[in-house]
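Below you'll find a set of structures to go through.
Here come two complexes built around subunit A, the first alongside subunit B, the second alongside subunit C.
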Partner chain A sequence: MPALVVLLAMNVFPLVFNIYLSFTNADLSGGAARAIGTHNYAVVFSDARYADPITTTALFVLLSVSIELVLGYVLALALRAHIPGKSALLTVLLIPMMLCPVVLSLFWNLILNGHYGILNQLLGAFGLPQPQWLTDDRLEFVSILLVDVWMWTPFMMLVSLAGLNAIPRYIYEAAEIDRASRWMVFRTITLPMSAPLIGLAVLLRATDALKQFDLVLAITGTNDETTQTLSARIYQVVFRNYKVGLGSAYGVVILVAVIAVATIFVRYIDGLNRRQGKAQA
Partner chain B sequence: MSGTKAAQGCGRVAAVCLALASALGCKSDPAHPGSSTTGSGTSAPSAATSLTIWWAQWAPADGLQQLGDEFGRRENVSVSVHQIPWSSFQDQVFQEFGKQRTSFDIVVGDSQWLGRGATNGLYVELTDWLATAVDLKSLHPLALRYLAEYPTGSGKYYAAPAETDAMGWAYRKDWFDDATEKSAFQAKYGKPLAVPETWSDLKTLAEFFTRPDQKRYGVALVTGRGYDDVVMGFEQVLYAFGGSWGDFKSMKVKGSLDSPGAVEGLEFFSGLVAQSPPGGSKLGYGEALEPFVNDSTAMLMNYFAFFPDLAKKMGDKVGFFAMPKHGERRVASLGGQGFSISTKAPPAQQELAKKFIAWFHQKATQEEWVKKPGGFTANAEILRSEAFRSASAYNPAFAQSMDVVQDFWNVPAYNELLAAAAQRIGEALDGKKAPKQALTVLAEEHEKILSQSVPQ
Partner chain C sequence: MNLVRALVIVPYFVLATLPLGWLALTSLKTYDDTISTHARFVPWTSPGSDRTSPRFEATTAAYRSLSKPVAGTPRDFYHYLGNSALVGLLSTLAAVSLGTLCAYGFSRFDLPGSKEWLFFILSTRFLPPLAVVVPVVVMYRWFALENTHLGLILLYTSFNLSLAVWLMKGFIEEIPRAFEEAALVDGYTRAQAFLRVIIPQASTGMAVTAVFCLISAWNEFGFAMTLNNYDAKTVPVYFAGLQGNIEGVPWPQIAGGMVLFVAPIVLFTVLVRNHLLKGVTFGTIKQ
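On to the complex of A and B.
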């Protein structure tokens, strides 16, 4: 029962209350909220400026998760081997993931500043061009992407490493006896057998990246349309335009999208597990 | 689970949900620990022993705290000026208004918040009281109009001016006084190197000082997109060149914001951005200071509230001047904030808040206020006085600027208007849209936002 109460208080109630608010004209600064039917949803789907955050968010999820997956998996493959100082190296690699994202974002804001940032000072010292990382339209999105990759690649690496270490040693020994090539071993053993955990990591990162807010807030601001993600848009609607009802409608739409993505991934992972179960049987 | 148990379980679940709902809807707040008043607001006004003021975190708020301490000693109450970082000031204030009782009695709010505070019943209407407690004729009429009145021109007041501010310019006096620079300028343009009187003069100076090979640039402009930066930066050019945000009474925008003068103004402003340091098309208020302080920019556009600190840091190297004019039109963007009393503060607190505001506007208090860093006054007599004008290098330009200030919309939907303006003006500065196209789209968006939200 206590667990149920916590679940209701922390998950179910906010969700139900959010859905309720999305059908009202609730205002951040109070006043009686009035039911206005599906008006908020009509605004959401007729708002031309809603399309840009959707594109930005989709691009961000696709690029960040893909890059982090590839880099994390490569690092995990490298760290699977017995190398001296492996534990220390692993700890150092995990640091970005373990620190507070907002604090790190603020540090990156200082590092990337075009006028006094240490990165441009270093580039200048070597006579290299000093790009405006935080204000140049072509670089703003890239800057946020790079910081996210720096911050979350260790997570992909960690989960990939767990997946790789879970593969039984005897399978590799059997492949060795059969004189399978390294590529064949990777393609038919390593990749498929670590895929379920990697799928889980991708699911977790994708749902997290869909909600991207802290980096945007600290690095370029929520009102910059070049990097405005869906969460940043909701922040603008709720906390700057004070429209809690409309913001809730945006939130419900995002929730549906996240559930759809999560369902696809869960089914994919289930499928992988079933295939592996059959193969092992 | 049996049917009875299931019913009991559902009942408990419902009880939890109800408790949470009531907690959300009926928050109590232990504000004003020093006050003997209750949340019901039935105590006698004399019971208030503390006053809480919320303002942004910056030097003028320190000055206000010092004045508050003085008021506290006189009235035997405690006055606390709670400072909130600018980045979250607005969010925190309006979230606080969502409570049944605010933690503050007075908020020193932006001029643009007036409409929202007035129409949503968040600010106490001060019309009758202000006329009796403060000599309205002593206040600069434009400060009163933009920092206190809603709707503009209605004669209804929901605030009293607190910090009065306007945009102006700081320039590198040492560069302007340099003999080599002077002779080079004279040789190139056939006129002396001097503080600009017109926008055209300013652009010439900006071009002259822009030397990327030496990492020197002409101007640092306020062009950030975070809040109202680029909107305030462009506003004074918009109006000087004959455009405007629209008619504040009829809410008509087309024909003003997309007029030929407005387009010419945006073209001019974009040209000026080209004379700014790298990244100059997105400099917030604080960021614009950096290239000026680090010796890479000749002239800086910003609010006067930042200038005392500049003068302190740079000494004789820096000078100040008011907004240039175009033809006969000289316009400066309004800054500053007004004191508004929360309707969600108990009556006793509201009375004490009124007493503080009345005291703040006494001439003797204002004479103290102008001595504080960034403490710019709305008192017209002080602004005109020789003592004020000679007190600092920036005061004469400030006094001149107050006569030509202009503000943005202060209707409840101001933030949507600001966001749209920042986006479209920004697109023109970034070269994504031609100025005419950007303003045409913006005028349509502003009319749409206004038609959907006003009147409330």
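On to the complex of A and C.
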């Protein structure tokens, strides 16, 4: 199986090597690396400023995934009925998530610019305040979140829609005969029956959001205190300060988180498939 | 209820498409028009009568200037677009061929631990580029693969393999086993049956898989940025490097380049629209 060989060489080896490096003081210029035990991890977890990227990343994952989920689900509910031209409409709505994140977020810089950006001009036209999206410390994080929500809400919408469409019609007909209220139908049929796919979407998005790097680099740069995610921190530490060992330690932190979410994801799919298999049998 | 529906869909539609529309408009402007504090959003044949006019003179100057290097970059946009295309196409070809073979094996033979292997393959997709890039950089230095197209092609092949295997597994499982069995009875070898029966039946699936692999290689940034400072720079890295240009960010040229860069992906998205759900969830959702 050549495919497995490629995967082992390109994925597993770097992983193991990464863990080894995290216990050394290796640097990018290639000098001899020396084992320094857990020193790098002590740095990652002790200094308050060093731990910041962990908080930032966690907050980013939590906020982006939940906002996208709620928006996407509401959109899916609205798009559920028969609407003329629905397939074309859906395709257009899905385009942002297919395009290159870093390229589009670079362009968002022009939209968000405090002086000549179109967003502030729009806000101004409605007499609303025009904040400095890209330079105000409190708003930089919000700006990145905004772009991420713009890009990935369609994903949540797409998966939610699949979840909703999978609910058989006859269940609703039965509910109608029982004269269940709209809210009752939503709470006891729609929500629980579309939940499995939504869970899957949340897990997929969470692993993705954990890696967040592109948007940070494009919008605020990787050395910004309030928006530095773990990936951005690694970039800064390894490629700007050349501290490979410390960077690898951050890498391991991110990997542990990603592997945890990915494991849940894999179990989840396995369970989902088994349940589907049973339903079909 | 219909009103509520419209109130959700219409504003979202406008907000979602506005940035892309603005991108297209920006690519037709001159530099001064892009940074005007009075938004100019009506393309016209002549400039607006005064400073506050929403009209601007549409020009294709930005597109024409793409063949000239922007201040501070050694090559023009098309050079980087060529890099993106080369890396994207070759890695897609490799990932789809290896992935199809691998998926065929998994879907037709009962291999010991096949479920574990499949999930292992899937999990490689979740690795964050920045967390694994350091060892890759060191490894590439040993083999002199840094700053080469081959280096990126190998990497993209490996990270697209998981997607290719999972998508192709779904497509191959849709082909009835009876087809091959009939071929085997007729005296075909396993390899012949695969080539003459499975490949033609799975060709749509392979095309769809190829599109998704191409898109993710085309859009990838983390590896491309950290592994290539010079020779095999792809378009996303090129654009990221234009930020903070000494002569001001050349917005019209950037927007023009971006339009050319995203246009094929928009086209591909439309082509595979019925398979988008499969593509973005690695085929884990069965419909």
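In this section, the second predicted complex is superposed on the first by the 250 of 281 C-alpha atoms of A that agree within 3 Å, B and C clash if a C-alpha of one lies under 4 Å from a C-alpha of the other, contacts with A are read in each partner's own complex, and residues count from 1 in each chain.
The rule is simple: a residue touches a chain if its C-beta (ideal position, glycine included) is under 8 Å from a C-beta of that chain, and two chains touch if they have at least 3 such contacts.
Quick caveat, the model's predicted, so the values are computed rather than measured.
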{"item": "In the superposition, subunit B vs subunit C on subunit A residues touched", "value": "C"}
{"item": "Partner chain in contact with A:Met97 - subunit B first, subunit C second, else both or neither", "value": "second"}
{"item": "Contacts of A:Phe239 with subunit B and subunit C, given as first, second, both or neither", "value": "both"}
{"item": "Contacts of A:His115 with subunit B and subunit C, given as first, second, both or neither", "value": "both"}
{"item": "Which of subunit B and subunit C A:Asp224 touches, first, second, both or neither", "value": "first"}
{"item": "Set intersection of subunit A contacts, subunit C complex versus subunit B complex", "value": "1, 4, 9, 13, 17, 28, 30, 115-116, 239"}
{"item": "Residues of subunit A touching subunit C in the complex", "value": "1-4, 6-7, 9-11, 13-15, 17-18, 21, 28, 30, 71, 74-75, 77-79, 81, 83, 87, 89-104, 106-111, 113, 115-116, 118, 121-122, 150, 153-155, 158-159, 162, 166, 197, 200-201, 204, 207, 210-211, 213-214, 217-218, 230-232, 234-235, 238-239, 244, 247-248, 250-252, 254-255, 258-259, 261-263, 265-266, 269-270, 272-273, 276"}
{"item": "Complex interface listing, subunit C residues touching subunit A", "value": "4-5, 8-9, 12-13, 15-17, 19-20, 22-23, 26, 34-39, 98-99, 101-102, 105, 115, 117, 119-124, 126-139, 141, 154-155, 157-159, 161-162, 165, 215, 218-219, 221-222, 225-226, 235-236, 239-240, 243, 249, 251, 254-255, 258, 261-262, 265-266, 268-270, 273, 276-277, 280-281, 284-287"}
{"item": "Subunit B partner contacts - residues on subunit A that touch it in the complex", "value": "1, 4-5, 8-9, 13, 16-17, 27-31, 114-116, 130, 132, 134-137, 221, 223-225, 236, 239-242"}
{"item": "Subunit B residues within the subunit A interface of the complex", "value": "9, 12-13, 16-17, 20-21, 24, 90-91, 94-95, 97-99, 116, 120-122, 224-227, 277-279, 281-283, 287, 290-291, 294, 413, 415-416, 419, 422-423, 426, 430, 432"}
